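The following pair of complexes shares a single chain, subunit A, combined with subunit B in the former and subunit C in the latter.
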Partner chain A sequence: MNDNPVPANSARLSIMVIDDEPIVCKRLQSAFLKAGYRVEAFTDSAAALARLMDEPFDAIVTDLKMEGTDGIQVLTDAKRRHPQIQVVVITGFATMETAKESFHQGAFDFVAKPFKLSDILDCIKRIENRIRPAGQEGRAQPSTV
Partner chain B sequence: MFNGLKYVWPFRGMRRADIGMPFTVLFKKFTSILERNNRILEEMADTGDKLSGEYVFDRQYLVDASDRLTDQVFKLISDFSLLDNRKNADLFLAFERIRQQIREELAGHPAFALGSLVIPLFEASQDLRERGGGKMAVLSEIHNRLQLNTPDGFVITTKAFMDLMAHNGLLARVQEGFAGLSRQDPEGLKGLVEQIQQNIQAATIPPALAARIDAQLDILARHYPHRPLALALRSSAWGEDEESSFAGQYTSVLNVPRSRVLEAYRRVLASLYSLEAWQYRLDHDYREHETAMAVGCQMMATGTVSGVVQTYADLSDQPAILVASVRGLGAAVVGGDAPADTFYLARTPPYQLIRQELAEKTRQLIAVPGGGTAWEPVPDDLRQTASLTPPQLEALAQQAMAIECYYKRPQNIEWTFTDEGEPVILQAGPLRLQAAAPNSEPAVIDTTARASIVFAERGLVAQRGVAVGKVVVVRNDTDLERFPYGGILVSRYTSPRFSRVMHKARGIITDVGSPAGHMATVAREYRIPTVVNTQIATQRLNDGDEITLDATGNVVYRGNIANLDRFELTEEIVFEESYEYRLLRRLLKRISAFHLVDPKSANFTASACRTYHDITRYIHEKSVETLIRLSDEIGVGHSSAPRRLSTKVPLGLTVIDAGGGIAGSPTTGAITRDQVVSLPLGALLDGIDESAMWGTQPLSVDMGSFMSSLTRTFTASLAAPQKMGRNLAVVLEAYLNLHLRIGYHFTIIDAYMSDRINDNMIHFRFLGGVTDFLRRSRRAKFVAAVLEHFDFRVDVRGDLVIARIKKLPLARMTSRMRMLGGLIGYTRQLDARMHSDNEIARHVKLFTNAIGKAIGGSNE
Partner chain C sequence: MQWRPWNRFRREGHPADETLATVWRIQALFNNFRRILEQNNAAIEQMAAMEQALGGAYIFDRAFLEASVHRLSTLVHHVVYNLNALTDNTHVALYERCEQIGRTLRQILAGKPETDQPEVCIPLGAVDWDLEPEVGLAVVCLAEIRRRSEIGVAEGFTVTRTGCLALIRPDLQWPPEALRERLDAAVADLVRKTGTDRLSVSLVSIDALSPSRLPGATCTPADLADTLERLLHRIPADRASIEPAAQPAAALVQAAAALETGEVATMAGDAAGLEVLMVTAHTPETPDAIDRYFLRRAQPFDIVASEIAAKPDDKSLPEGQRPTAAGVFGLLRGSAFLTPGAMKSLARAALVLERLLGEPCLVDWQRTSDGTIVVTGLRSMVPPDPAERKTDLAAALASARICGQGGQTVQSGVAAGTVVHVDERSDPAAFPLGAIAVARSASPRLAPLLQRAGALITEIGTATGHLGIVAREMRVPSVFAQPGALDRLAPGSMVTVDAAAATVYEGILDGLLQSGASGGELFPTDPEYRILRRLLRLILPLNLVDPRAADFTPRGCRSWHDILHYCHEQAVHELTHLQERRPGLAGLRTHRLRTGVPLEIRILDIGQGIAAQAGSEAGVSDLRCQPLAAFLKGLNAPRAWSRDPAALSLKDIASGGPPPAAGGNLAIVTRDYFNLSLQTGYHFSVIDAYQSPDPQRSHIYFRYAGGFADVRRRTRRAGLIHDVLALLDFTVTQKQDLVVGRLKPTDTHSFETVMGVLGALTAFTRQRDTVMTRDADRQILLKRFTEAFLPPAATEGTQ
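Now for the complex of A and B:
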């Protein structure tokens, strides 16, 4: 089993990361890039939403509690504009209520901070499988010794 | 650990102890203390795990985790106060002190206003960055962690800088100056920094600081008596290492005689206020209060050949190590004042020479006796020849790659070879590489997609990172002794013994093991990419295989995937260098560092607690003491009273069953082994019996030992004669808390063993003895070696041994508990038997062989 998704030629999954803590942005960006995805990261959620006007990303990974536009607003706004977009909510203040609210608003998944890089990569892989079902993505099969 | 354990209350109706509260209530407090104690230890371990880099966390997490621990520790103290029936003001004060320090760290208040004025480089603790500045922190890590040669000396700290500035009224002047400065006023800035520089050059050194520097110079003079002291004073500013562009802005003064050290110190300090440095700082939005300068004062390394290594240089077809060297001092290479020989070497062992370009070296920079440097001609026969030999090149490459591996960044390293031919690292810092443009087709994916995978997603990442190298399978100590530089260690088990080769290993892969184990902790200290518990590493990998271990993606590739290596080296953020990582390390120093090791010591007091771990440990010890005292007061005869355990060997053990640890409800006072249900206690008793290591005859003790035993004084709580033989075990079905005094030494075991692997743990402490300190220390070394053999994490301080093991399956925990039973028997009077250090190894061998047979093999 290979953990590096290899997308079809130019159809790499595009991911937007939104978190007002730069460390989270940097580390997710680096991990997603390495896994072969296209990534843009924002510490300012308003700027992120503006960017979403230009380009419909495949997935958004957003923090919940942020200054200004919070994660639920990002979620509802993005879903309204691009209903096919998959949103993963990450938060350090995970409660049953916030999780319910996120799913109610159409979140793909809800991940509590701190999380493992492998967990969030798994989550993105599930999104990839949903929007590019197996067989259509031209995944190269590396040889396993 | 005690969650969900609902035990039948055995002490109902027991009479009040003289403490004025029913024993039942007190015992309940006691168990609640143990429970909270364990919860705190787990939470501390959990927080420590975040250092691995496997987790993404932010500052908020650090705030929350600190708050949770603070809350738990506060409640622990409150519980203990009730048990102890005291106010425990000292404990609350210590708690308040620690809590305040944690708050300061979280609030981002720099710690450089605290601490010592000077710190010897070779004794520096983990992180010198705050007090010693970036450059000296790196050098002390290279020496103390990676075990490479660096110049001896000391660092004059940021605290000393602050003191000097305050002593001369300069802090206020600087602040006023910058407050009144307009951003668009280059002339004003120039005038201001020149003024400050002059003030610093003319400043008075505070007498306390001058005295400390003098004392350090005395120490150096004693260590190096054969020539007059010649020193190099190097800048080591706070935050300097973060941006390499900073580093070039400051002054270093070479070959300084002792008489001119203070003058050179002021010169280096003044360079903190150079115009270039300030322009840079203002451009990057630094504030004046973020500025502080430490200065390294080091023995001048007067090499015969010196230069620079860059660990990552692009050759046309492959990345390589670049070495530039000249005869004499290396300043010529750095400053570009003389032509240098250039060598390109492969980036993997044995670091083969790929290409060399020799220069004609006509002159060299030398240190002039008495101070300063000068140019002199190179002897004719040395002008055309290579300045470095192949073995020297290999040694340099080895060391440079070890440094790159540790900092996970290509390095720019200054070095010299001493007259004796030893390489010495003078300075190291990150070498900026151009990363691939973001979101360009990532080459790394193309390469890894084509690469041959040995296995992927097997096991658990203990430390992220990428390592390229040859497999070295380690089966035994001989393999370990032969372990080469740059190898990737592959082994069936994890073992703390691997720490011996951590400074040489590039990566570690094991079949079994836990990321929470001791080896994983050490691997993180060394930042070695590590994957444990893969199940199949030793089957799939053979000695000499070249592999690329991607411990970030958790994949092992066949061959050298240079692209992956490069990706790692150009990653935007090196986690270990991030602010959050450093903050976590600083917090852990207040939380889980451990100082209160010896309950016998006079320092084992509430007010000596410096961390939450210390408080937890102190309360645990004192609670058990209190419980022993109270159980003495209950008296026998009561149906649920503490019961005597009859054993073949004279253990004198009293058992308190706190629930499900003893079978049936016997009315007689004494119980037997058959009635012991408690898994840990049962295994221990079996180990004592079956290992047959309990010598029946007390050994003769020689006269010296005998006299020592007569004069040795114990603290009252541990050795009051009436308590001798009053050994106590508190048990649950899966739990044991044991205080055992056999002869004159003291064993404490706290263990949990069940099918819930993650909860399994044994904490073992061993101390005391009848003979002199030297012999007790020998015995401690023996015990430590045995425990390490059985994969315990061991800490020895004098004659005290602390060992821990956790998260092994029940069968392996059981065999270890039986081994401890054997060990208790074997060590009963061992210190009287060991007359020299040589006997330690002999006894370790005797014991491990014998116990292997008794408990069914040492490695199951």
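Now for the complex of A and C:
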């Protein structure tokens, strides 16, 4: 899945997508690329955590329920290594408990599947605004006729 | 628990308690009805979410598909249970239909074939999306374009996965003689249609398309089975499987006769700085002398560049031309195999295939001996360096000018072309192929335009309406409810539509066009898409639309939507006959309603239909039942009541006889429902109306019969009622003096307007039969009534 490694020190927001369902990785990777972000996608959460050793991403979008290392472990491990990293948890098994647990571990947001593309893009936009306040993101806005 | 008191009362036999128990029983029946509506609503919402997911509106995973089917299964079962509780188990056969459909859905989720006895040969004209697991995506796409494009598909048939498997492995269902018999019949049919003596046989992949061709060959009709068997044995061993579901290929058999042949590559990189597609052409005899034409990917598909191969001067070209002949303006036309019109038609057909397939593709075509150009095959292709282009896209979009934004994504995708404003009167045949249709509302009557439109934008409409369903079926990028689209998108302007982002950009954005076809959306090549599409085939279609049809039965239900609709109709039918089946209801403790007109109506309140403090006599102001209040407003209209005495003849008196047994005028009411049984003199009518917060679930039922006058006059009055109901958009039938009308109002306002008109109609037609002595009276009275009581919109075109 990771066929487009993120170059280090790029000015664009870097996002890691982790979901054991290839369709989710594929669609999110494609949508984030189209929006101008740098993206790497992983269907194997252990491989994703190994990649985090090399590259501190700006944001992680991770599934919660995965074989092996689950989303909460990804969240806690990523936060421990890179406290500034922003993590969005996505899940098809959303409960109040899992949401609470995610926020308790420092998640930026918690999104239940299925979700609209615009919802996750809005979420990433808020992360971008937090990391790079207005005027620093370097991405022009489209003009309206 | 609620039945325990009733049973006790029954045992003890107290008349007053029996009355109370009867009220409880009616309440229980109505609660069944209400639950049917609530569960129906929830199921429809779930179905809509699944359908929108297919259009690309949501990111979802397999768990969503499994959870959706599970939830729908539960809801549909509950609806069936409540209908049977409402009707004393009259519809138990529905449980079996539920289980059959549910079992097939579970098979689809498990990746198994839907049917136990698949066919082995299917003509292309009979292939649809249901057959995709048996014939492969490419064949389904070819069959679809055969129905909708000006470019045809070569006549032929497909040998299904089951047929291919039976050819190379003994099969109990399809022994060799039965299999050969089917193949011979299909070949004979193809030879009869085309007159061909050579067949082209090509294997097609079932599960995924690839840029490379699977084995193919030409053969005589008599050699087809042997040739096909040889080809199947050439599939690499690691792809073949003993599992039927894993058999990797089907076969496409077509007539082999081509003057020229070639390909269309829908994504061919840049030419003159513009994103283009490429059409190639050559003769079968000179495969190395290839024409190449480069066309823009946006309507009107301008030709950007061409490379023309040298040809002998005696080569016959389309339209009787020769390679060095002068064209219509006296210019030498060169030696192209294809005319510009043919190139553009091929371009459009290839882009429709790309949209159906969901990724860039290679389309094979050929020109047959009669000069017709037909598509013969479809493969996927690898687009040029997609990652680099996508990175550039963000900057291109940031600097692009937006000329339309907002609304609801109905089907994601990207298209560019000329804006054309359309409405329900637009001629589909005159719509420019591939142009961008912009309309005021998403009327179902626009559906034929989708055959030719590159994209569709409307100012009004919902993704779950009929047009939305058709747009998703055809995968036409569509956005509904975009504010001000008609004003902002001027006719003739060039735009690019990104439906997933509900955004329209000024001009043609080549980078976006390329992106839309190379990733970012949900495509038919994605397994989840194909599973969802197969699931929806058994969930969404509404086949049972006419309650009077012979197949409006549990056995006739082919989808869960059919079952839900059947249950809803039967539940309404049960309620509308509630009073007839329970004649003792009028004797219950009721309120007498002061109506202000010479009509006594008694009210039986089964759920907040009347103010708690109302006494045995209630005024209109005590009513909490909104549908009945709206009806009474019309009933009380002074102009609706005729002051003329009834004109009776001896024949009327002879035919009228004594008044029917008086059942009284009883309204069973809740806050949002009433069932009114009216007997005014010699006619009998029933009005059953439910006003749901969701207008889709509201209904109005109106039945009218009888009268005092002779049958001809009663029939004239029934005709008048029929005409009024028809103007109100009721589905209405009339048989002599019996009129039955059904309506699903579109919103609260129209519901209350219609109820008022029905009230006025009830008063206006009272005893009218006696004065309708001529056929012309029907029209005269209709005009008088419509001018007084119908909203202007209902009478447009009737004067």
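Throughout what follows, the second predicted complex is superposed on the first by the 130 of 145 C-alpha atoms of A that agree within 3 Å, B and C clash if a C-alpha of one lies under 4 Å from a C-alpha of the other, contacts with A are read in each partner's own complex, and residues count from 1 in each chain.
We adopt the following convention: a residue touches a chain if its C-beta (ideal position, glycine included) is under 8 Å from a C-beta of that chain, and two chains touch if they have at least 3 such contacts.
Bear in mind that the values here come from a model prediction, so they are computed numbers and not experimental data.
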item	value
Subunit B versus subunit C as contact partner of A:T76, first or second or both or neither	neither
Contacts of A:I23 with subunit B and subunit C, given as first, second, both or neither	both
Touched partner set for A:T95, first subunit B, second subunit C, both or neither	neither
Subunit B versus subunit C as contact partner of A:L117, first or second or both or neither	both
Which superposed partner A:N129 touches (first subunit B, second subunit C, both, neither)	neither
Shared subunit A surface residues [contacts with subunit B and with subunit C]	4, 19, 21, 23-24, 26-28, 30-31, 33-36, 92, 113-118, 120, 140, 142-145
Partner subunit B, residues of subunit A touching it in the complex	1-4, 6, 19, 21, 23-24, 26-31, 33-36, 38-40, 92, 113-118, 120, 140, 142-145
Complex interface listing, subunit A residues touching subunit C	4, 19, 21, 23-24, 26-28, 30-31, 33-36, 92-93, 113-118, 120, 139-145
Subunit B to subunit A touching residues, read off their complex	50, 54-61, 64, 438-439, 442, 444-445, 448-457, 461, 540, 552-555, 558, 567, 571-573, 575, 578-580
For the subunit C and subunit A complex, residues of the former touching the latter	49, 53, 57-64, 67, 387, 390-391, 393-395, 397-403, 405, 488, 500-501, 506, 515, 519-522, 526-528
